[in-house]
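Listed after this line are the structures, all set down as structure tokens.
In the two assemblies presented below, subunit A is common to both, partnered first by subunit B and then by subunit C.
Up next is the complex of A and B:
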């Protein structure tokens, strides 16, 4: 006896079930729980941990009255715009372009170095960056050699230090994306423009860049989302300090929830971050659907 | 790139532009080397400090290079148990991810349905959510269900965070295996799952290797998830124990910290080289990025 078509179709999709269950329990569950818990006074320990009570929008009211929150949003925007959209993106593109013009041995050696910083476990990269920017670290040694003033980078310019570290850590991704994209641009198009008298930078700006705009958009979205979630690098280098001077949203959410034991307030911060990520995610998926037939 | 590049050089030998580009230009070399040096310096400290028993933050050649730092950290409590925990955590995560991804990718790559596209884009949307933001609610959830400090629960959570990317990659690799090969097996009476196991999976084992290694590398390097979810020292992976080591001894034993970091990083560097050599990193990357 043959089962009805709909049941058979459902049965065919049975193997998807484990993945769906995992995603529901461990991804959708926490996200929904976050929005709910952000409306309670849930604590890390004590009575409010076992039996949190409903406080409505109080956490959000506190959030918008708290001077640290707007500062944290601003720092997150600066961090993402400076280290990902400008830093990683432009440096990655520059590296990919230069690697096509340089000798193969040079481009292979430099490529390996850039990728090494990206492949290392994040905690190791964070230690290396911490040592580099610390008081008697490599950067100050270099500045000393050049006769320039030494600085205590992690205290005087914490955002500058974590942003440079994030550029160092993440540029490899943009570089790989742009190398793949440039390899797919047919040489004939550029050569035809050359015959028409276009100069190097003109060919690049008016022919190459428009041809890889799909990759540029994808790359920008992905590095924005990655950088939005960076925690370890900032935590190891500055722990959000000094005096909240480098407290990006992930660090703020962690501090409120685990250092100050206020899970309800911490999840309110996390919920805002999840919402920002969701907006970028929707834009990214829209972009992807448009570029794919 | 060598063979096609050589062929095209022969084809275009009359054109200056092509010739100039293939030969490589000195200004480009110099700029590239300068950028490369900036990227190298922080890594160089790691290597030199690991060989220097009296290492500090500054970059210097050791007065007397030796392996004392490595010997000092190569103890069961300090390094071997955390590394073993990392292996269990990353291996478990990669195994769960690959199994769930293969099962999910099969119907998605073999049947045409209105269900496929929305499902895949919803899954992709899942990769966009910042995991660090989700950790606070996940902690709350783990407290409620008494899953804190549980290795299996942490493995399932980590597998879920890498699952969306793995499903996309696996589906793309599976789409590369022609259906006609399976049809022959169906004619012989094999079930769909038997055909998947005996025909499709062996043909895409290189792709599965890439997915496994990608997930493994991510899990191995993950600090924040085990930092929040695994509390007892006996279960903590190297990423977390190295952080506690840094907090306790970091101010005095930079050389040991560097040696610990290198030993902990070696496995993922090695795995990355395998993937990059075998499949081409940009190839694997494009599978993850462009779908």
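Up next is the complex of A and C:
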């Protein structure tokens, strides 16, 4: 027989109540609102601005028939995989490992440089990146001084430019996570492996990496979700162009909702983005669980 | 000791500043507040100046009213978005606001704008407004919802020195597209480092691409974007293809900027700020407000621009009548439909648009006057040497078909120009894609083949 739930037991949940309420209002609320709006023809102006009507799944039907949508999903995946999962993650890990070996002065200098890009507000970082890659930008001036040909980076290689900018801006986070994680790896384990005759690479791959698996999964989840939502950087640098060549899902959602005033359609794009984020989140949570036997 | 006292003082002072910033005005002295939303940027402060003056004037005449100016720092696109978002909710909707003429119809549909007919009846100065300008504030139901601040036209602006150096007879008056191409080629042959004749294209420059480039070409072919009689969108027109082909020629022969430069949203700043003053640009199509950038106090002040710049109407395709093409936009002041003080709000609007304030604004922002008294004022006519030239285009000028679908159609046009200048589509293919996009946006039954 179950013991009756006492008032005392209920009272125990009281301290978490504010946090739950805040989560509901500020996280679940907007998600639900976005999903609800995506089932209407809500607009920024025009007849359906004040009194949107229910259109069911029409926005989603339109979305899946839109030729820009698959391109946009592909670009988003390339952006996340290239600049977060590979770029920020591996570069951050490499920096963290190398900084443990480097002299303190070098390590401090590198650390400060990398973190400097990270502490910039996104809009400032975006303008800096635009100024770097634009036609008369720093990169072209450097190339010019070296006697190399100029390139219109934002026009000819828009995705590469925004991905490099995102790596530049975000690597500090991965680096900091991995530095903390590597500090937690006990030196004895590594030394024991050395005694057993494992080489540097082997020790790293078979001892260090498995021991920081938890941090890897957490880091991957955070940077993936962060990069999925990157808007300012892309918007300032290329505004999704040329010819949609860098229109990631957040840019597409913004264009539809605010440039064309079609909030219903824009929130449908946003809802798909939330779903993609949720799928990534679930995968990483599974990964995290498996790391704890 | 003293230092500590100073520190304490400064802390208290900053706390006071923060607290007053948080409190919603002082409810003790005034009973009514009018919220006025408008655009202000580094290069566009004329409206701010005008409304500051109107605020002083209005508050002096109405002691119990506070006018709360809410400048929005944004470009045209973002200003429209921010304003629409503010209008959506009654708690943030301004009482009086700055409204783009081409948004009026859809914002009236949305119920954001107050119908002003009954107020206008009692305002005798309304008769001093030009009829054409009055129409800009009219919606589909025939009611007037906004009062125009000014209008503009578009023309060819050219650098006299560059054309002279290439042996072009001045004043330059191209009669057809061919004249433009011939002159541009002449400039190119004379000095290959100069951009002979730029026209905006692609999505980077947004509305600029259509207003200051594509429509001048399209409307000169005899074709149109929207058939006002049948209220249908025109597809499959030869004029549309010809227009794209003209842009393609300019870009392919490098008579315009490179496609990469054209797609940069900041290209217009280079046109005004670098290329024209440095003699790197032969000519371009721009708005009648161009001198406002160059005149004293403008964002790209250029002493002596009056001697170096010339202006000419944009010709029709083969010189067919009326011989010139121009596009007009313009902005208005409107009253929010949800305002609690419609009379006060309208009176503020009339203060802002009285003769003195209108004149100052029109001159400072190089607008074309919409009030007859301002139009006849010597201060306006002599504001810059080009006022008479650009005002002459008013009889031939056209307005955008400002329906709720227009922003998407405009984007489809911009996409077509982008595909053509980057060489990913031929003019025929790009026009076909535009036709399909239009049918998709408005529905096949709302299109007409012409």
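Operating definition for what follows: the second predicted complex is superposed on the first by the 252 of 293 C-alpha atoms of A that agree within 3 Å, B and C clash if a C-alpha of one lies under 4 Å from a C-alpha of the other, contacts with A are read in each partner's own complex, and residues count from 1 in each chain.
Note that a residue touches a chain if its C-beta (ideal position, glycine included) is under 8 Å from a C-beta of that chain, and two chains touch if they have at least 3 such contacts.
These numbers come from a predicted model, not from an experiment.
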Open item on the list: With both complexes superposed on chain A, which partner does A:73 reach: first (subunit B), second (subunit C), both or neither?
Closed with: neither
TODO: Mind working out whether A:135 is in touch with subunit B, subunit C, both or neither, as first, second, both or neither?
DONE: both
Open item on the list: Just to be sure I read the superposition right, which of the two partners does A:187 touch: subunit B = first, subunit C = second, or both, or neither?
Closed with: first
- [ ] Specify the partner with more touching residues on subunit A, choosing between subunit B and subunit C.
- [x] B
Open item on the list: Let me test your reading of the model: by the given contact rule, A:242 touches which partner, first (subunit B), second (subunit C), both or neither?
Closed with: second
- [ ] Using the touch definition from the top, say if A:198 reaches subunit B (first), subunit C (second), both or neither.
- [x] neither
Open item on the list: Tell me the contact category for A:155 with respect to subunit B and subunit C: first, second, both or neither.
Closed with: second
Open item on the list: Quick check for you: in the superposed arrangement, does A:258 touch first (subunit B), second (subunit C), both or neither?
Closed with: both
TODO: Once the structures are superposed on A, label A:116 by its partner contacts, choosing first (subunit B), second (subunit C), both or neither.
DONE: first
TODO: Would you sort A:278 into first (subunit B), second (subunit C), both or neither based on which partner it touches?
DONE: first
TODO: Identify the overlap between the subunit B-contacting and the subunit C-contacting residues of subunit A.
DONE: 49, 134-135, 258
Open item on the list: Under the definition above, what is the set of subunit C residues touching subunit A in their complex?
Closed with: 77, 81, 84-85, 88, 103, 106-107, 109-112, 202-204, 258-261, 263-265, 404, 407-408, 411, 415, 418-419, 422, 424
Open item on the list: Going by the contact rule set out above, which residues of subunit A touch subunit B in the complex?
Closed with: 9, 12-13, 15-20, 22-23, 25-27, 29-31, 33-34, 37, 42, 49, 91, 94-95, 98-104, 106-107, 109-110, 113-117, 119-124, 127-129, 131-132, 134-138, 141-142, 168, 171, 176-177, 179-180, 183, 187, 191, 194, 218, 222, 225, 228-232, 236, 249-250, 253-254, 257-258, 263, 266-267, 269-271, 273-274, 276-278, 280-282, 284-285, 288-289, 292
Open item on the list: Please output the residues of subunit A touching subunit C within their complex, sorted ascending.
Closed with: 43-47, 49-50, 134-135, 152, 154-156, 239, 241-243, 258-261
Task: Sites on subunit B touched by subunit A in the complex - done: 1-2, 8, 15, 17-18, 21, 23-25, 28-29, 31-33, 35-36, 38-46, 49, 56-59, 96, 99-101, 103-104, 106-108, 111, 113, 115, 119, 121, 123-141, 143, 156-157, 159-161, 163-164, 167, 192-193, 217, 220-224, 228, 239, 242-243, 246, 254, 257-258, 261, 264-265, 268-269, 272, 281-282, 285-286, 289-291
